[in-house]
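Notes for the one structure printed next.
Per-chain numbering from 1; labels A, B, C and D assigned in written order.
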Amino acid sequence: MNATSQVPAIELIGIDKKFGAVHANKNINLTVAKGAIHGIIGENGAGKSTLMSILYGFYQADSGAIHVNGRPVAIHDSQSAIAAGIGMVHQHFMLVENFTVLENVMLGAEGGALLGKGTETARAALKKLEEDYELEVDPDAVIEELPVGLQQRVEILKAMYRGAEILILDEPTGVLTPSEADHLFKILGVLRDQGKTVVLITHKLREIMAITDTVSVMRRGEMVATRKTSETTVEELAELMVGRRVLLHVEKGAAKPGEVFLSVRNLTVKDSRGVTMVDDVSFDVRAGEIVGIAGVAGNGQSELLEAITGIRKPASGEILINGEPVAGFDPARLRSLGLAHIPEDRHHMGLVLPFEESLNAILGYHHDERYGKGLFLDPDAVRRAALDEIEKYDIRPPNPRLKTANFSGGNQQKIVVAREIERDPKLLIVGQPTRGVDIGAIEFIHRRIVETRDAGKAVLLVSVELDEIRSLSDRVLVMFAGKIVGEKTPDTGEQTLGLMMAGIAA
Amino acid sequence: MDYFDILVSILGSTVRLSIPLIFTALAGLFSERAGIFDIGLEGKMLAAAFASATAAYLTGSPWVGLASGIGVSLAFSLVHGFASITNRGNQIVSGVAINFAAAGLTAVLGHAWFRQGGRTPGLAGDARFGPIILPGADALRDVPFVGPLYANVISGNNLLTYLAFLAVPLSWWVLYRTRFGLRLRAVGENPGAVDTAGISVTWLRYRAVLVAGFLCGFSGTYLAIAQSAAFINNMSAGKGYIALAALIFAKWRPVPVMLACLLFGFLDAFANFMQGKSVPGIGEVPVQIFQALPYILTCVLLAGLIGSANPPKAGGVPYVKER
Amino acid sequence: ADVKPALVYGTGGKFDKSFNEAAYAGAEKFKAETGIDYRDFEPTGDTQGEQAIRNFASKGYNPVVAVSFAWTSAIEKVAAEFPDTKFVIVDSVVDLPNVRSVVYKEEEGSYLVGILAGMASKTGKVGFVGGMDIPLIRKFECGYEQGARAANPSIEVLQNMTGTTGAAWNDPVRGGELTKNQIDQGADVIYAAAGATGLGVLQTAADNGKLSIGVDSNQNYLHPGSVLTSMVKRVDLAVYNAYSDAKGDKFSAGVQALGVKEDGVAYALDEHNAKLVTDEMKAAVEKAKADIIAGTIKVHDYMSDNSCPK
Amino acid sequence: MSTASVPLPNWINYALLPLINLILAFLVSGLVVWIIGENPYDALVLMLQGALGRGEGIGFTLFYATNFIFTGLSVAVAYHAGLFNIGSEGQAYVGGLGAALVALSLDHYVPWYVTMPFAICAAALFGAAGAAIPAWLQAKRNSHIVITTIMFNYIISSLMNYVLVHVLIVPGKMAPETRTFIEGGKLPKLDWLMSMFGLDLGPAPLNVSFLVALVMCALVWVLIWRTKLGYEMRTLGISRSVAAYAGIPYVKIVIITMLISGGLAGMMALNPVMGASARLQVEFVGGAGFVGIAVSLMGRNHPVGIVLAAILFGVLYQGGADLSFEMPTITRDMIMVIQGLVILFAGALEYMFRPAIVRIYQKMTRD
């Protein structure tokens, strides 16, 4: 090692950031060595994206300093970050969907006030980059017509085109199949070999172990530890992440499956752009069992859930509940047939954040006569009912009149879980039940789901957390590219399931 | 008078009536393509008309009039920008406010200053943009077909008319061939992409809004001191909204914008022509039908009966990074 | 008697160079002669007239003159509420004991300018641009058409109305466009009876080197050499007479119909159009005037049967 | 640090901030008055005297406020469902046709209290019809309700123009308006109400539609906060995806909401058409639909706030009329200036002072 490599690529000193009442980054110090792949892990909401966005100039820190290559730099905006040689691939892509790849790559680096000449230079430079890093993509393709994996390539190309020496990737593998992820890691390796620095945000420990040189752990806005990857273990990292030993196994007895309650036959679902997301899928869920669907995010699970719960009209195929065909029924009608749904994203679907808690406790069930006669709604009755659930599920603070947005993520999730399970459904559809939820709440929610099964209800569970699937399910279906590629028992090895999720083995 | 003469006459009228629509719709194009909805086009046009007429009256120069029209329109644009970009306010509400303020201010000031029921005093010929006779117009006039078209439709318009038609390809060029245009289109679709590319969303949107103000300055000036010789109370009379309709009808693209404006201008001209004349078998067609037609057509378009109109994705939504 | 005169204009504004300005001139004349000041009000919308009229009445103003048919129902209402106040309505008839209704025989004045138009036209086509499409404006048009035909039996009269609502009085752009249409169709003299819209008519005619005819006030000076004449409607007289009658305790309610004979309507001749009106034209129009006064020419009033003889 | 998500107590959100914005609007208006050479303070005094000084002034103020309550409610109801209805103007206009048709056909035969319920229904129905196509376009075709309602303002205006000029006009009359209704088609004035407070209504046209407006306020409150439909509307207004999850039918709610909104706007016509002028006139709405936007914004979409804001605008309208009468250099258009500024400051710039207030508030609560 020569002297220059002693100078760290990045030094963050005392970074502090608040979003209103949320303290997203608390006095964070971080050093990233030059030419290294540095992993950052942490639970949802730990503040990883915020920290990196500050480094990239997307947000401005309330206080703290940033050094790049040993020199202090003032990063007011992404412009100054780019000038300092920093590039970032955001968790949510920052692409103009109706622009071509080339236009997206050029945006902000057009090389002159007129496009004409710059376009040709860019095209040539892009071609070279593609060849150097095996990042082939048609420069004239329009973004919205590209699959996510390729869109991510465009993001990486954008950063490279701007001459990034330091590349930040925010959860890049969430949208990738394992093989795509492997390809990405290969590219990151090439980058490292060329002396570039990579910061990789993820909460997949496997990835950290596989590729990083150093890893830092964030928890609740704080930087809790930094380790050399070679000197740590998955267990240690997991513990650092959540603050106490992870309990990965759920206590549960054997299932006693009864009659088939939900039956999906040759179901095909398209998304709003007309792309087939669920392709000729068939499976059954029996009363008294939990069927888990494993898969990498974006392989059609969301659309499958939406179709079953009536939010999205299927393109073809049948859905039978207790033998009755229900495809195309609206969610309200399905609820009356005994279906309950814990949605994947509580903010996007499950909760009206500006409402007081009690009004969310009846969402979807608000037509019930318990909450008011006929057309009317009785707020007192609603609050009384909500208070019951608050007590039963230990939702804190126990105030049904508090604005839902002011509850923490875990408690918000409990509001949803309580609402859905307490209606005593015959069929429970669960999507990502513990996303962004703390360990205590996870246990609680898992127990409720198992209890529901034990009460003889049919449960369909979708999760991208393989551990969750394996510990809760009685049967595991693996979904890949819109198809169910196989059924396994929950004790099947992670390796095997991982390969299936990548579409490699059946 | 044969049909050809009638056609020439209507076409001439179409051109004159379309010009304010073209400027205004192009103004809306820049603003909305950058993601800032602008229903305050009407108000800006009106304010510009008042300012240009007042300045031209006071100085006797149409150029000072034009400059004032543009200046005042830019000021209103800045207000819209301040509300909807800096303060992330509701763009529709801001537009409504601007329309009210402009309608009120022009009437109040006009009345207080000139005491002619809100009108500004009439302008002498050289305080206006007069007709420009293109070379050979008179010589060609008698050539069949081409002659009258050239002499009565193409020639004999004022400078602003020619500028309007120049503004169309220019707008196209700016939007699709310059860095500014690329960024502007991008910021209307995904401001995050622009921001992370190191470009200031705020400044870019301000520039777009200012371009809109600049163009509305022309349309207002045209109304007051090219097409007419004075400012009249509420003289924009809904043209800002027709321009908005034309913008939607054209699906936010420059050349179709011009065509839509010409179509709507033609409807207006045709209505004027048809007024009082009865159509065999139908009788007199009520002028109200022609007045409503641009809006009806736009609604038909929006109903998806003739293609679909997808506004810029980030349109109308303030760019909020931090909650 | 003591008078406290008030005046409510039509919506075109006090200095509209036309109808309202004539009313203003009448009030000013009264003020100059008697030294008695008056209050006036310029409503900018239809809803304000009634409130203004009532305001004047309740504040003790008397007589209250309202120029424009738009205030008809307002006067009907307010005059009933204030039976001791004298009201004058111009261009409309209100049948109440304390209201004087002044109407004009616009058909006669229009007939006169029609003769001039018919004689001045070289193309054999003359135009008419009206404001709001109402019987009153048709009356202007009908008289004009009769006059033009009297001067030239084969003349063609093109006619347009600007609109169907109050906005038609204040739309010079459309007025100009309609004028241009008529010019394109061959008209070379265009008569505007359209309030402020007429300004656009006169402007466009001047811009295109054609002749125009003004209305209500003498508008000859607006575009000297281009305005052939103006059909002057002496609204000033209505206002002036109302005030001075009231002052001299001679105020009478009831309908006053002012025609050529009463000098209520006339054509305007001054230095601005002297060159445009030839001696021959002058002779013809003076003869017609005499004939109307003598009763030998009877100009048809459109409003008497809502039709115009062809 | 961003301050947008820092919660503030209600008295700041619903009283202090609107008040600051209102004061600012008036300050700028005062500037305009000063520019045209009048004394802003005198103008303000004249305006307040004109609006609130006498029974007649108050009567006019409340008369105007009645219009604005209806249109404000119309805008607010739609707003709760996330729909920005700027077509109240046109919906009120066509509502007038409904009211007028009822009055014209019944006034000879029955007393006003028989006519009124029919007129209310007809006005609401016609108003709702005026909102129906934009509602459908939004619900089914996803075209922006703002755009379509603007378009419909013009379409309705042309239609009404045609109807008045060619169908309903009294032959031989100049103005395109219907005949004057006789007693059976007129709504009685509220002299008794004013005399309860020892005031004399005079000729001010305050009439029973004011009471109808207040009843509608109560009904809207019940609808929004005490019915399941209102719950569904509010849910939809906050998040379309949550509504879809909860089985709240988008198309149905959008259409119902817009019909209610249009109906409320349509009812506004009762006041001027049957309460004041006793006939249907061209453009009788006179911008009240747009004022409704300001009223709804100022009133934070709550019926009580709407009543207060409507009275504020009533003061502006009546006081403005008196002001322009007393200060002839200031025309009544000054109201529009003030209105524009109120909409600007209270609406588009509503959060301009929020960050500063948050800081002050945090400082104060910390100590």
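In the analysis below, contacts are C-beta pairs under 8 Å (C-beta built on N, C-alpha and C of every residue); 3 or more make two chains touch, one makes a residue touch a chain.
Here the structure is a predicted model, which is why all the values come from computation and not from measurement.
Compared with subunit D, the chain whose C-alpha mean position is the greatest distance off is A.
Rounded to whole angstrom units, the spacing between the C-alpha centres of subunit A and subunit B is 46. Rounded to whole angstrom, the centroid-to-centroid distance between subunit A and subunit C, based on C-alpha atoms, equals 77 Å. Centre-to-centre separation between subunit A and subunit D, using Cα means, comes to 46 Å.
Chain geometry summary: the mean Cα position of subunit B and that of subunit D are 29 Å apart. Shared interface positions of subunit B, i.e. residues touching 2 or more other chains, are given as 107, 111, 118, 288, 321-323. Looking at subunit D, one finds that residues 2, 4-5, 161, 165, 331, 333 touch two or more other chains.
Within subunit C, the positions touching two or more other chains are listed as 42, 44, 164.
Remark: the chains found to touch one another pair up as A-B, A-D, B-C, B-D, C-D.
Only residues 1-7, 222, 225-232, 234-235, 238-239, 241-242, 244-249 of subunit D touch subunit A when the two sit together in their complex. Contact residues on subunit A toward subunit D in their complex (touch as defined above): 17-22, 62, 309-311, 330-335, 341, 343, 348-355, 359, 363-364, 366-367, 371-372, 375-379, 403, 406. Subunit D contributes residues 60, 161, 165, 171-172, 174-176, 180, 203, 277, 279, 281-284, 286, 321-322, 324-325, 328, 331-333 to its touches with subunit C in the complex. Interface residues of subunit B, counted against subunit D in their complex, comprise 37, 39, 79, 82-84, 87-94, 96-105, 107-109, 111-113, 118, 238, 241, 244-245, 248, 286, 288-289, 291-292, 295-296, 298-299, 302-304, 309, 311, 316, 320-323. Remark: subunit C residues 11-17, 20, 42, 44, 159-161, 163-164, 167, 170-174, 176-178, 180-181, 184-186, 196, 199-200, 203, 207, 222 touch subunit B in the complex.
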